[in-house]
Every structure is written in C-alpha cells, then in structure tokens.
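Here it is, the structure in full.
Going by the order they are written in, the chains are A, B, C and D; count residues from 1 in each one.
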Amino acid sequence: MNRFGNQFNISLFGESHGPAVGIVIDGVKPGLLLSETDFEADIARRRSGATGTTPRKEPDLPEILSGLYEGHTTGAPLALVFRNTNTHSEDYELFKKMPRPGHVDYVAGVKFGGFEDPRGGGHFSGRMTLPLVAAGVVAKKMLPCTFATSVVEVGGSADPAAWPGLLEAASQEGDSLGGIVECRVKGLPAGLGEPFFDTVESLVSHLVFAIPGVRGVEFGDGFASARMKGSEHNDPLERFPVKPGMTAGAGMTELRPAGSHAGGVNGGLTNGGEIVFRVAFKPASSIRKPQQTWNVAKDAPDTLVCPGRHDACIALRGAVVVEAAAAIVFAGLL
Amino acid sequence: MNRFGNQFNISLFGESHGPAVGIVIDGVKPGLLLSETDFEADIARRRSGATGTTPRKEPDLPEILSGLYEGHTTGAPLALVFRNTNTHSEDYELFKKMPRPGHVDYVAGVKFGGFEDPRGGGHFSGRMTLPLVAAGVVAKKMLPCTFATSVVEVGGSADPAAWPGLLEAASQEGDSLGGIVECRVKGLPAGLGEPFFDTVESLVSHLVFAIPGVRGVEFGDGFASARMKGSEHNDPLERFPVKPGMTAGAGMTELRPAGSHAGGVNGGLTNGGEIVFRVAFKPASSIRKPQQTWNVAKDAPDTLVCPGRHDACIALRGAVVVEAAAAIVFAGLL
Amino acid sequence: MNRFGNQFNISLFGESHGPAVGIVIDGVKPGLLLSETDFEADIARRRSGATGTTPRKEPDLPEILSGLYEGHTTGAPLALVFRNTNTHSEDYELFKKMPRPGHVDYVAGVKFGGFEDPRGGGHFSGRMTLPLVAAGVVAKKMLPCTFATSVVEVGGSADPAAWPGLLEAASQEGDSLGGIVECRVKGLPAGLGEPFFDTVESLVSHLVFAIPGVRGVEFGDGFASARMKGSEHNDPLERFPVKPGMTAGAGMTELRPAGSHAGGVNGGLTNGGEIVFRVAFKPASSIRKPQQTWNVAKDAPDTLVCPGRHDACIALRGAVVVEAAAAIVFAGLL
Amino acid sequence: MNRFGNQFNISLFGESHGPAVGIVIDGVKPGLLLSETDFEADIARRRSGATGTTPRKEPDLPEILSGLYEGHTTGAPLALVFRNTNTHSEDYELFKKMPRPGHVDYVAGVKFGGFEDPRGGGHFSGRMTLPLVAAGVVAKKMLPCTFATSVVEVGGSADPAAWPGLLEAASQEGDSLGGIVECRVKGLPAGLGEPFFDTVESLVSHLVFAIPGVRGVEFGDGFASARMKGSEHNDPLERFPVKPGMTAGAGMTELRPAGSHAGGVNGGLTNGGEIVFRVAFKPASSIRKPQQTWNVAKDAPDTLVCPGRHDACIALRGAVVVEAAAAIVFAGLL
C-alpha cells in the first residue's frame, strides 16, 4: 500500500502529470521549527537539470497544508503538496499502445484494468520520490545522526572524473547507465531495530526497494561478504568512552565494532558503529535507442523509440532519495 | 516486531535453548489438507548434519496446536510448536563476558537490558528459522507457483564440486565461509505487489533480511545492472498464448518479458516472468579461530575462541529459509 | 494514529483554522466514476446552518489532487483537500488560558507540549469529520448495500416534532443537547468480519468512537439486551431464497435471522440480516452558559463563557459522519 | 485478524476442543518477574463453576513456552499455551445440522466453507478469552494504574443480593440472562490515546467488542449523556498538586476533571481522571429452552434444545476479560 512505517509513518499520493504529488507525514515530534525553505537543499540535490538527468525544471516548492502552527510542528500530521506545472502529456499515449520494455506500463495495465494514469508514469513515476525526499527532511530534523550519501559508481566506473564522458556518450547513443549509491549514517545509538522481522536491514531495504529503479541493496561488505571468511568479516569489539546520553545494558561496558564489515548492524540491530549500505540502480528503462516490444494495437512485434525527457542515469538523483528512505526508517525506530 | 505480513501473517516466538520455538500463522485458506509429515521435506533441507553445518540433530517434528480439524485447515490460525530437546547451554555463559565479534551478543544486551536469553543466541538464534520454514510449507500449499532455490556460491566458488574441500579446510582452520543463495519462482500471475511501498522487492527483502546472516539482496541482474546500459538491461516484451485462469488488463494483449534481467518485477509488480533473486550470506560469526574482542569482566581486550557447535557455512541451510520467505510473501499477495 | 483501515484505508490531516483539512484514501477500486459533485449530497447533510448547528457556512468543495484520470478512479490513492476559508481565530486564545471543561484543550496541551494548534479545536475539531464524510462517499461507491441513518433522539426526546423547541430553548440558555444516531445497513452478505479481533462491531466502534463527542455504541438490542433473556434476544433462523451473487457455505442452506436483536452480527460476523447500531453523542462541550474551570494564567478558579460559534447538538450533523464510518469499515471488509 | 495492538501486541490461536488455546504476546518489557502462578488469580476470576457459569472445570494452568529466562521476561515474545483436557465433543454435531439462533454456527460455515471446527464453538468459543485474560495479567505488570472491575447488573437487577435467585430461576427455565460490567481504571497519566483514530475509546471498544457476547460499550455517562445538557455533562476542571513523575504541558498547570461524566477521556485522550466504562453482555445464546431454528438436513423449520454445558450469564466471567482488554490497550499506549 501507499503508506509506510509505524511510529513515524508516511502516506504518499499523486501522479506525475496530475494536479499534484504529496505526502502525509504522521508521528512528527511537536515543536520542530519548520518552514518551506527547509526543503530547498534536499530538493535541489534531487532536482533535474544536471548532466544525465532530465531537463524538466520545476520550482518544486512544497505547500504545507497542515501540522504547522506559528512556525513549529504541532504533532498532528504534516501534509505536503507539490503542484505539477510543467507537463507534456502527449508523449505518453504511445506507451499504452507499445509498452516500454523494462517499464511498468504493461503490468500496471494488468493490475489496474487500464484505468491507471499513463501520463509520465502516473503513480509509478520517479516524481513520486519528490515527496519522499521532503519526508526525509522532516525525519532528519528528528534524528541525532549525520548522513553522508553519494553516488559511488556510474556506468561501471568509480571515478567521478569519468562520469561526464560516460553520460555524454550514453546520451548521444540514446541509452542510459546504471549506478550505485552509498549511504553512511553516523551517530545512531546501539540497539535500534526490532527482532525478528523489523531488523534495520529489513526496514531500510523495504523502503529503498520502493524507489523506482533499485535492483539491489547490501549492508557493510554486502555481496563481498559471501566471499569472505568469518575471521576476515567479523568486526572486533573495542571499548570507547561512555558518551553523555548513551546508555549501556545493565552491567555492560560500552563497546563498539572496530570496523564496518557488518555495516553497523548485528543481529538486525544497530551496533553503535557507522551504518553503511549500498544501493544498485538499474539504467533507466525509457531510452531513445530503438528497442523491441509488442505493439498491442497491431498485435505484432514492433520497434519503440521513447520520446520525451528521461534521465540518462537515475542513480544521480537517487542518492538523496536513498538518504531520505534511511532517515524515515530511523525516525521511526528512535 | 515479531510478526510479518497482512493477509497472510506470521507471529514468531521462542529461544534456541528455551522450551520451544514456534509460529502462529494467520490468513491460512480453509480446507487445505495438512499433516505434520507435510513439513518433513523442507525441514530435512534445513536440517543440521551436512558438511559445513552443525552436528546438532533434532527430530524437529512440529506439533500443530490449532487451526486443523479432521485433517484440513479451518481458516483459524495455525499454531506450530517445535520443542527444543538437545541443548548444551553451558557453552554460552562465556559470551556474556566476552561478546562475540560480528554477533548480536553485545547489542542484544544493550537493547534488552541484560535480560535476554543468551543461550544459543536465544531469540536471535538461527533455530528461529525452523518455524519460518514451516510457515513456508503452509504458504506453498496456497500458491500456484513452483520454486527452485539453491546455493550457487560457497566461499567464493560457484563450482559445487569444490565446496566440500573449501568447507573442510575452513573447518580445519576453525573458520567459516560465506555463500550465495538464488531463488527462482515460476508461475506467478502478473500484477502482484502493491505500489508504492509494498513492492515485490520491498516485501521479499524485508523478510529475507530478517534471516540471520543475510548481507545483501538483489533482483534479476542486481548489482550487475548498475554496470549495464538500458539497452542491455531491458527485457523486450513478447506475446504469449493466453493461459486459462490468467487475465490481461482491459483491452490488453497478454505480454511477457523475453528475459529475466528485471528478475520478473517491473515497477515493483510481478511481470508474469520468472522471479529471480539472490541473497548474500555472510560467513558465520561464531568461529573457533581466535578473535579479538573485549572482556567485559576484566574491562580489557581479550582473545576469544568460540566453543560450541556452529555452522561453517550458514548459506547451506539458508536456501530453504529464503524460499520460505518468498513463499510467505507471495501467499500474502495472492 | 491518523490512519485507519487495511484494504481500504484513510489518512486524515488538517486543522480547523489552518490552510486545509483533507484525507488520502487508499485501496479504492479502479474504474469508479467520480467527480467533485458526487460529494455534494453528503456534505450538505453535514453542513452547518440548520437549527442547532453553527452558523459557519463554507462552500466545502473538495479538490481531488490525485487518483483520478479521465473521470475514473485509477486505483492509486485519492487525495481530497478542503480549504479553510471562514475562520475567526481570535475567539480561541482564551481557551489556552482557561481550558474548556469537557473539551480536549487541556489534555492536548499535555500531550503536544503546548505546540498544538488551538484555533477552532485544531486537529481535534469537528471539522475533521468533513474529510471523513468524503471518504464515506467513496466507500459507498464500492458497496452493494444501502444505508438509512438518522437522528433518533435529541435532548432525550424521540419525537422530531419536539426538537426545534428543545434546541431553541437550549440555545437561549446558551446550553447544548445530546442525541442518538441510528444507522441501518441493508444488503451486506453474510460472513464479513475477521475473528478474533476484527469483528464487525470492533471495527465499526473503533472508527465511530473517533468521531468527536461519541460516548457510546451499541449493536442490535445493545444495552437493553443486558436486561433480556436468551429466549427473547436470540433471532430465530429462517430460510430465504438464494439470491443471485450470494453464496452459502459448503453444503449449507441459505439462512437468515428473523429479527435484528443481534443487530445483524453473530460472533462478530455479519449474519446476512440488516446491520443496526446506535451511537450516543454527548451534548457539545463549548457552551455560552457560564462554567467553572481553572484559569491557568491566574492559577485560580474562574468562570468561563465560551464565545464563538458552536453547535447546540452535534448529533444532528453526526448522522452522516456515523454512516461514513460504517461505509469505510465495510468497504475494507468486502 | 487474530492479532491486536502495535507496541504491545497479541496473537491469539486455538479452538475450544482442539489440542490447546494460546497467545503470543509481543512488546513485553524486559525484566518483569513472571511465573505461571502469577496467572492464577485472574484465571480464577474467570473460572467456571460459579452459579450461572458452566460446570466445566479445568486446571487452566498456562505453559510459558518462550520469552522467559531465569524468572524474568526477556523482551522477546511470550508464548502461553493452555491445553484443553475436558471436552465432550459429541454435543456439538447437532449444531451443524441445526444452527443455534443467536450463535455464530451458521455464518462461520458461510465464511469458512464448512471447514471450521464446530466443537464447542471452535475458534469462536468463549474459551478463547482465557488466553486474553493471561495477556491482561502480563499487561497489568507493565502498568502504573489500578483496576476495579465488577458486574454491576444481572438480568436487569443492580442488586447483587437478587442475582442468585434470578440465575437459579433462569437455569430452571433453561434460559440465560444478560448483564453489565463496569471497569474503572485509576492512576493513568493524562494524554494517552492517539488522535485521530486511535482514541482511548476506539482502542478499548475495538478489543472489548471482540469478546463474545458484547452488545454495547459506553464511556462515562455513556448513553445517558445523550439526555443531558452540556452544563450538566461537562466536568469542571480543578487544580491538583503536581505528583512526582507526572508532567504537565509546557507552561501549563496540572489540572484534572472534578467528575467522571466524560469517563476520564476528552478528545479521545485520557484526562488524568478515573477511566470509567461499561459493557453490555447479551444473554448467552446456547439455551436448553426450546427455540425455533432451521434444520438444514431436513430443509425445514425445527425446534432446538441445546444440550451441553453453558453459562446462564456470561457477564459473570466477562468482568475479568473486560479488565484484561483494557489493560492490553493501556499497555500499548504507555
């Protein structure tokens, strides 16, 4: 369903080319200072216009419909609405006839009986991540930790200097590139996460896999750990000075892992170390390069050239969305 | 929390060395034929005793406490209980004093204030996956699809002929190995999954990351897709004959993907193709090889040699658990 | 929390004197014809202006922000927003200093640390029932049943001819009156409701008790049944012709109760008969008649005369809200 | 579904004449002293054998399968199992043929397709309240408040001296009596409850209406408030000395209601006063007195005389169940 979370929970709505996209955020701590400008920085990180992202530019200022009084959150739900203004819907009629390979066009039709809004991906659009980013901003205001999230790989290269060339080349070919995002979170106390099913990894991956285009999630050494020995993978424990406000279990010393092989999570619980996880984004499915698909109108195979504005590499604007997802999860756990 | 799912949901309980582990399964279809022997095959797949797994052998027959009448499920909750019989608790006192690196020992103490049951990992034990496997058996009875789940990599090798040697060597060194499990599901209809947050990948990864030792989950090409171009990654669509019982959307032809780059999921919904996902298991953290940790009693660093019986490669018995997790998710979506 | 329901679920937001109140409705069947005028009839039933209700008059037209495409619901969430236009906030500063007896003023301050929006009751306002009524309109479009909901008692009188006089007299005295609403639902199939905890009565009462001012809920004979004998209270079963689209259990004849002592619910499940329940509304707490309260500024007892516009009998506009609550529950069960 | 609650949640299972009934309780605070004898007092309050209750006598000692270590709760789920020992299943075959008026027999068949366990009411049995009472015992260990719960009316009489005679007379006639239970809870802090939908009344009524035989729930003045004026119903606010451990909102004095017209709840939140609510129990539906029903085997009307052991007044053992329900709710809110 279109809601996520318990203590801190979100309800998402909207379509790419409908009147608006938005989110209702419940479980917000009362008394947080909040204004529309607080959203600017993260929304800018997600904004289109950079190389490899679509040229669609919208002001994307949220309207705060509720939950705010005299500049502070009230504890009642925050409703944030982003109006859609710059839409070229005519591009999308084509995809009803010729569903895009790798895209939800066809299965959305199966699921919603043909009533789904096809314009710009409708409710499945990457634009739905805009309100998610906004929820992340609110979540981060409730958290004691710091986030460092970045794209670490584009088109198979871990060297940022190489990316502009790779993106340019892909754009020229009308093709797209995948990428990898890494998120690091420092300053969370040990013991967050709920056994058995709401482990930190379970909750983070649940939300991250809802981001369009995500194909994989790994914590710490991730898939590489499958090629390691226990003696290599285990993070030794060491003592660290008790910080004010941090509590240890009855009679236990304050320990922390000496490394981040585990990604900051043991047994599904934060271990007091830095949280580290990586997210694989596939190359965007909407490409200008001709692809084979089925023409439903002709009931015959056909070649599709996707018109419209599309990101060459969705991982680029995915970083801040991944960070928002993590923030939403941790705000719920704290 | 210790429950998962909506339409088909499970509540897990138990500790490794307490009286029992068990599960309550709700949302079971009435009228399924069920008996205790139905659990034998999958439990045997999970059973200890194989090379690389612990020598602890238990009959592991479930007792069905409710939800069954005259050999059929009633639609009321099934409660399954597995008694614990073969326990050597004395091994585990040590870990309260010297928490195992890479293990939940220390953070469980932080979270539960020292009241957690430390014996055999307590509620965090791999033994908790036994009732999960049993729930998977029930789920599979409700599903139209077939599962093919296997270990595809051990200790970095994809060649099963090499595994006995690798496992033996690791055992000799008192060390452990990681591994990768692949799960393939055939026969699911298109359109399962719930946008925006309960995508197929979200739900499967949520449950799979609750399995002890999982470090990564990827669908289809997974992390490799981050190094692909859209033209390589997209699965072309092709037509296939309408099967009895399968329905297409209003006015739409029955299409399916020609490949499984997407792992059978587009936009978070099943696309009618085979579901493919892979799970990375870390090497087991409990090893005999000496490791550095902190001795809480002495408040000084110390060297730990884990006594007790431990799996050299938890991925080996992880395959059937991963399959159960997928089955539980799909039973809830259908 | 500010959400309710599973299959058909709602997320409520807004404050009486903030920018807007609204609701996100998920689980809406795709393909329903819907437009803003569909809400007019029920919103008119709730509208202020009648004797005994406040003179505040607002157009109260919802804006549909999402979930609609070419006049049909898409299956994605519907977001409905009602702008607040006619607000006199200056009335409410007083209640921060002198909390109203019987009102949430004081405990809301305790819960939200003084950050709650006090204007017009804020998030606790009766105006929050406006989006609930709108959700009821959508729910009723998904239901096969008919509703007959009415006020059956005002100020202790079951004779509607007497109500205008009673209301006028109460208004003159600056006082308020309680009332009782009865809701009858015809045409629901037998077997709705989920044992053990999501009985029909559990779900209906959960939502109905969230309506401001409700003090009691009873089904069928309700409290009177506590004074009956089993032989009087039990509804005999009789056979009725199988209706098209109605199914009986395996090998069972179609039976139905001959009466409605049980209110159409047995064992928490609909029994195929008419659903009947009654809801007691207290007299509104905001009255002009002087009341004793505590003056927080002076830290002394004081006498409060509530200024502002208030309903003399909230039960009058409660009927359509109660009906909406029932419709929301049954849309989720079907 | 068969689970309830969020922070403190329960999963119920079992059938009256199957192997066992039981409950899994999650969200239990670690470190509570707990043993099987802790359940004795409340189970005795519910026990059969008193006048007006069935002669079925069982030891009803729970087995604690998990969540306990060295006499303390661990924070992991508690699983409690009550074995069924004293069952006379032959009594119940009759009701498949001749469904009892006022009972779930018929609609359970519709819902579960005839696969439900019919013996002793199966999963709908009043015996399911035994594990609920046990969960209440655990909940009360987590609560700072005291409960006073009693039967206040039997067969229409509020005079306990009259009850034995009324019960005896009803038994002689093979009939049953309704009754009313009142529950009072002292010592809860102000501000519990979650707007908009998880008000105290919503949560309590949700769980209480799941108890078999409940027909009505009212708080404070309840239905009588519908006949009152605001000036009569409102509880004036008065100041009371700040208690250690009790906190007021920012800048607010500690106030409390001078009466309990509101039942201790304003705007869905506890107001710091005593919680008061009443529950109407119908007369038991299984009676020896001949009743008209439909004979499914003959497809004709027929007269039923219920054999078996049944309570003359289920309200008598309902009191402790109502108290348990309230305790479960408040443990989740605190």
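Criterion: a contact is a pair of C-beta atoms (placed from the backbone, for glycine too) under 8 Å apart; a residue touches a chain by one contact, two chains touch by 3 or more.
Computed from a predicted model, the values in this text were never measured in an experiment.
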Interface with more contacting C-beta pairs, comparing B-C to A-C: A-C
Longest centre-to-centre distance from subunit B, chain (CA-based): C
Distance between the centres, which are taken as Cα means, of subunit D and subunit C, whole angstrom: 25
Whole-Å gap separating subunit A and subunit C, where each centre is the average of the chain's CA atoms: 37
Inter-chain centre distance, subunit B versus subunit C - centres from mean C-alpha coordinates, in Å: 44
Contacts with two or more other chains, residues of subunit B listed in rising order: 1-3, 12, 76, 111-113, 115, 123, 195
Complex interface listing, subunit B residues touching subunit A: 1-4, 12, 99-104, 106-115, 123-124, 128, 153, 155-156, 170, 173, 175-180, 190-191, 194-199, 201-203, 205-207, 209-210, 212, 214-223, 225-239, 247-253, 255, 257, 261-263, 266-272, 280-287, 289, 291-294, 296, 299, 301, 315
Subunit C - residues contacting subunit B, complex: 6, 76, 195
Residues of subunit B touching subunit D in the complex: 1-3, 9, 11-15, 18-22, 24, 26-27, 30-31, 63-69, 72-79, 81, 111-113, 115-117, 119, 122-123
